[in-house]
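You will see two complexes here that share chain A, one where it goes with chain B and one where it goes with chain C.
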Partner chain A sequence: MNQPNEIAVQVSGLSKNYGAVQALRGVDLSIGAGEYFVLLGPSGGGKTTLLRLLGGFIRPSAGQILLHGRDVSEQPPNRRPTSMVFQSFALFPHMTVAQNVGYGLRLRRLPKAEIASRVDAMLELVGLSALAGRMPHALSGGQQQRVQLGRSLVLEADILLLDEPLAALDAKLRKDMCLELKHLQEQVGITFVHVTHNQEEAMTVADNMAIIANGELVETGTAQDLYENPRRRFTADFIGENNIFDGRVSGLTSGGVDVDLGFAILTVDAHGQTPRVGDNVSVSVRSELVRVLGRGEAPDALLQSVPATYGEAVYLGLATSHVASLANGDAIVARHISRGDASDVFEAEAQVTYAWPRARMRLHLS
Partner chain B sequence: MGDDYTRLWTYRLKWLYTLLVVFTLMLPVFYVIYISFNQNGFGARDYVFTLEWYGDIFSDLLLMNALGNTMLLAAITMLAAVPLGLIAASFYKATEAKLLTVTLLLSPLFVPADILGSALLVFFKNLNIACATVGEWLGISWFDTWFELGYFSALVGLIIYTIPYIFVVILITMGRYKEQQSEAARSCGATAWQAFYQVEFPQIRAGVFSACAFTLILTFNEYTRTSLLKGGYDTITSVLISQMLNEGMSEQSYAMSSLISFIAIAVIGSIILYTLVHTDRLDREARAKAQPLMST
Partner chain C sequence: MGGSDITAPIPAARLRLQRRLSRALFLLPIIFMLVFFALPLALTVVWSVFERTMFWMKPGFTLFAYENFFFSARLENFLSSMMHSSVSVVVSFVLGFPIAVFVRRRIPQVAQHRVILLFILPFMVSEIIRIFALRPVLQRTGLVNTVLLELGVISEPITAILYTPMGVIIGEVMSFLPFIVFAGFLAMEAVPKYIFEICDDLGAPRHRVFLDVILPLAAPGIFAGGVFIFVNGLGVALLPNILGGPGAVNAGLIATQAISALDFPLAMAVSAIMMATLLGLLYLGHRLFDLTRILSPIN
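Our next item is the complex of A and B:
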């Protein structure tokens, strides 16, 4: 279907201002054809603005949008190779399910028989054949979103844009539909660009994702890249549960970069980055890698350890979070798999040692 | 009937009150209808039932001419003002300067009829003088009569008068419309016009039709602006009023007024009835369809 390595979306220097407010600032991004790409970020960060710019619902203040190599920056939505699925309220309430799905085909003036057969096939694909004659108000939220998907996919556009498509659904249904979306995308093979603020949703579906916050593209990568090895402090803060330590580079050695936190010095691998002595940097480590050492247990050479004052345990079912405070007052969290016995109980205000593998620490220059 | 805690007699009292208000308002209309069937006309001591006056309406040139003029004014006003009101309501939804827009659009409502009428009268008179002066200066005369008082000036007055009502009526139905639907249509390949005509319009149609009916009624009843800006006694209201002021209304005029009332009551009544029945049916269908659904 698509050539390997073909670029579906190429965005350069894209900005959008609303008066003095900069909703999006100089974004550069490229998305390969046939990819499931997720734009992830906090609410109000600019990800929906980016999606609406791709769809042609708003005009860029600066920059260029190429879709499959064609500059569409000044084109209206109906002239772009895109189709969009909205968060909610976007079905045509005066048309049946089948009429909704066939709307775009009728606009193209295809023969009636062809429209009918393509609509049938699409309803089959999204699992709504039995409801073809229903009106949208007689559908549940999940069914409505399936109709929207059908209405967009039936057009066989090259790029499908999804704006928080699952946000209006309850948690259980959202999980099921996430996988369904992923499988659907694999079946039809076109490029999906999906906006969400939900991390789990993003990680479930994405081949690649981009973190967008404060109008800027923070970082792109696979779900695993961004979870295991975030480059930016923001990503570490946003994805997963990380302990982040802010400090200053105090020395560069063959073993790595020494970061002085004031109460401890951490030695971190630079991962190809080139910090200078005196730079303000951050170090992060995921909370599930951190352990509270028991009494009499000494850290070995592979472990980095810091002293802390134990606070409390928060039982979360699968895991238990042990929260303590560091010498500078910052919190540190260790997540243990819940054991449900006394081996994991610590006294409040007790002096404890938190430790984690040195190799798993990450250095963030920004 | 209200909820379980409503007392029966207060509920009946409210109904009684409502009926009393409607009856009081309609009483003069009923009286006109009563007179229209009297052989001896208004104020006569003897009441003899007849349909004679109704037969005479169609041979009364004054009345038939007035009816024609009124319907023409009403129809043109409706055709011109409803699209303008629709555009205004769409603009209001899109603009950020909502307060300014709504103030400007509703301002004709707050100017008394005779003041707006006479202001326009002065405006058109001056425009005429200006046209004539410029024409004389250029040595041509073909736009001398453009802004003379007549149908055109009356139409301008009526359009200004009806736009605020149309704007409000359409805006009420438009308020419930979700803009994502237009965007969804655009992303299915519709042009802006197709998105409006195929997706938005079917959903605001009730408001547009109500606005049309409202405009017809407003224009039909209008006296002050029409007579100031057009003059002459050739619309229904101006004919009736001139008759009243001079020799008293003719018997055919009572018949005509009654006929118009019958038609108006029948039309509005059936619209209301249809709407009630229709909404009720839609509600029942929606409930019937929604019931057997599961949560997925």
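Our next item is the complex of A and C:
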């Protein structure tokens, strides 16, 4: 129903100030129609502010919001092609499930029969048909959020905004609901914009996502892009579990960029970036790619290795984290799949070698 | 005790004593309510069927006092004072509830209670003075009439606003408006803030938000405030005494007059009827709105 190239949300130079506090600074962002888009970031980073700006609950201090090509920057919520699912269990406490879902349609003065049939269809879609007559206080958290989804979707808005919709649910339920949300979005085919601070939730549902922190848009991309090839140091620090080394560019060679950490020099592929000698940069590598080499095991040419003093092992079930300290005192972590045998045991204070594939290192200029 | 170790076990006897004492503490309010509320209430009913004597009454059973009430102008006065009280409730609601909603919605959270506190200020002045002060405002040569005459809005003074039911209603609204503001303010606690965002999102116009959402959620609190005003309108003798006239006598004044005439059983009968009216109203309200909800705002 949507053109593949159609843009649902186009935001440019969007800022929001609360007095002297800049909640959002010059954000440019575009979201394709029919996409499941996630705004991910730490609490207080400005992602909810961005969502509420899209929904029209607050007015921008500067910048422009186009929804399906129409400038809605100064429009109230009900004049926008959006509908909102709120964080907490925001339902009308004095209305039944069916009345909650149907209230928006009642406001539009649709005929009673049409309201009833659309509410029925919606309850079917969100799996609440059996609970149509229940009051909100008699529902579980997950059911209440489904009612909210129904209330928003029944209006057939083009863009659904979800403000931390799963934050109040327990971990197991959140996982299930994540997949359900994803499938629901595929079924209805409209654009979902979902705010969360939970990485796993974001990666489960997102077609594309944006990292938002300190009022700025840090980086956008698919979950896989951001996990495997983050451009910014912040992204590497925020997503997954990365070892990050701060250093200075000491030379540019055909093999890549030499980054001097003080105790070792790493040679990293620039990935199209153009650092200059003397720049302060960072290098990151995912901890699951790092290995602690066994005694007598020598690193081959494809591996980057550094000496370290072994600290401790942290058993996490699937993986075991081996924590050691580098010559400059920084920690380095290697995550091995737990083997549960002697080959994975190291002595504290032992001098060990940590190694990882050279090609998997990433250079961050900022 | 001074140097006793904190880990030393407390003797079992002392624990038992403590438990018994704390249980006794809960009994205190019950005893208070029995002695100062239930007992006088029961006595009111008992004394209303006693026989009247010259200066007091003597034990017996007669419904003479009730007969005296129901088959005289008193019943008519009682019913019309119920009417006037109802009007006061409606006027107070129309004037007062929007104030409560305004304070909740538009005043910053930290300042809300201070604003509400302003409505307590009039209560620092004695009720008699407050009500009496209305006379020079409402009377024939009072402030309202003088201003309207001078402005040429009216050609002769309005006499319908003092020593009439209208005067009593004005006085009741003046005196009891703060109660609907308080009750409304508390009732709005049952209306969560997010409700207004949902309504914005759905595009609900203001009157629909009010009718569909605020009113049903705040109903128990509004009802409680309304009952309070209604009952006071029936019972406070001072208002019709100072502002009312021959056609504006309420139950409180009927009882007061009966006491002046040393007809104690009649005074008790009027009080008992008033009490029954109140209990009936509360029962009705409870059936309609579940008044316990006032004490447990929905989260």
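The rule we apply is simple: the second predicted complex is superposed on the first by the 365 of 366 C-alpha atoms of A that agree within 3 Å, B and C clash if a C-alpha of one lies under 4 Å from a C-alpha of the other, contacts with A are read in each partner's own complex, and residues count from 1 in each chain.
Keep in mind that, in the parts below, contacts are C-beta pairs under 8 Å (C-beta built on N, C-alpha and C of every residue); 3 or more make two chains touch, one makes a residue touch a chain.
The structure presented is a predicted model; accordingly, all values stated were derived computationally and were not measured.
A.B. asks: For the combined arrangement obtained by superposing on chain A, do chain B and chain C clash, or do they fit?
C.D. replies: Superposition result for chain B and chain C: clash.
A.B. asks: Under the stated touch criterion, which partner chain does A:135 make contact with: chain B (first), chain C (second), both, or neither?
C.D. replies: Only chain B; A:135 stays clear of chain C.
A.B. asks: Does chain B (first) or chain C (second) touch A:168, or do both, or does neither?
C.D. replies: neither
A.B. asks: Identify the partner contact of A:303: answer first if only chain B is touched, second if only chain C is, both if each is, neither if none is.
C.D. replies: In the superposition, A:303 contacts neither chain B nor chain C.
A.B. asks: Does chain B (first) or chain C (second) touch A:104, or do both, or does neither?
C.D. replies: Both: A:104 reaches chain B and chain C.
A.B. asks: When the two structures are overlaid on chain A, which partner does A:143 contact: first (chain B), second (chain C), both, or neither?
C.D. replies: A:143 contacts chain B only, not chain C.
A.B. asks: Tell me which of chain B and chain C touches more residues of chain A.
C.D. replies: Of chain B and chain C, more residues of chain A lie in contact with B.
A.B. asks: Is A:58 in contact with chain B, with chain C, with both, or with neither (first, second, both, neither)?
C.D. replies: A:58: touches no partner chain.
A.B. asks: Classify the contacts of A:84 with the two partner chains as first (chain B alone), second (chain C alone), both, or neither.
C.D. replies: both
A.B. asks: Just checking: does A:92 make contact with chain B only, chain C only, both, or neither of them? Give me first, second, both or neither.
C.D. replies: In the superposition, A:92 touches chain B and chain C alike.
A.B. asks: State which residues of chain A lie in both footprints, the one left by chain B and the one left by chain C.
C.D. replies: Of chain A, residues 55-57, 76-78, 82-84, 86, 88, 90, 92-94, 103-104, 107, 137, 151-152, 155 contact chain B in one complex and chain C in the other.
A.B. asks: Help me check something: in the complex, which residues belonging to chain A touch chain B?
C.D. replies: 55-57, 76-78, 82-84, 86-94, 103-104, 107-108, 134-135, 137-140, 142-143, 148, 151-152, 155, 161, 170, 173, 176
A.B. asks: Chain A touches which residues of chain B in the complex?
C.D. replies: Touch list, chain B to chain A: 178, 180-181, 183-192, 194, 198-199, 202-203, 286, 289-290, 293-296.
A.B. asks: For the complex, which residues does chain C have touching chain A?
C.D. replies: Residue positions touching the partner: 192, 194-195, 197-198, 200-205, 208, 212-213, 216-217, 298.
A.B. asks: Within the complex, which stretch of chain A touches chain C?
C.D. replies: For chain A paired with chain C, touching residues are 55-57, 76-79, 82-84, 86, 88, 90, 92-94, 103-104, 107, 137, 151-152, 155.
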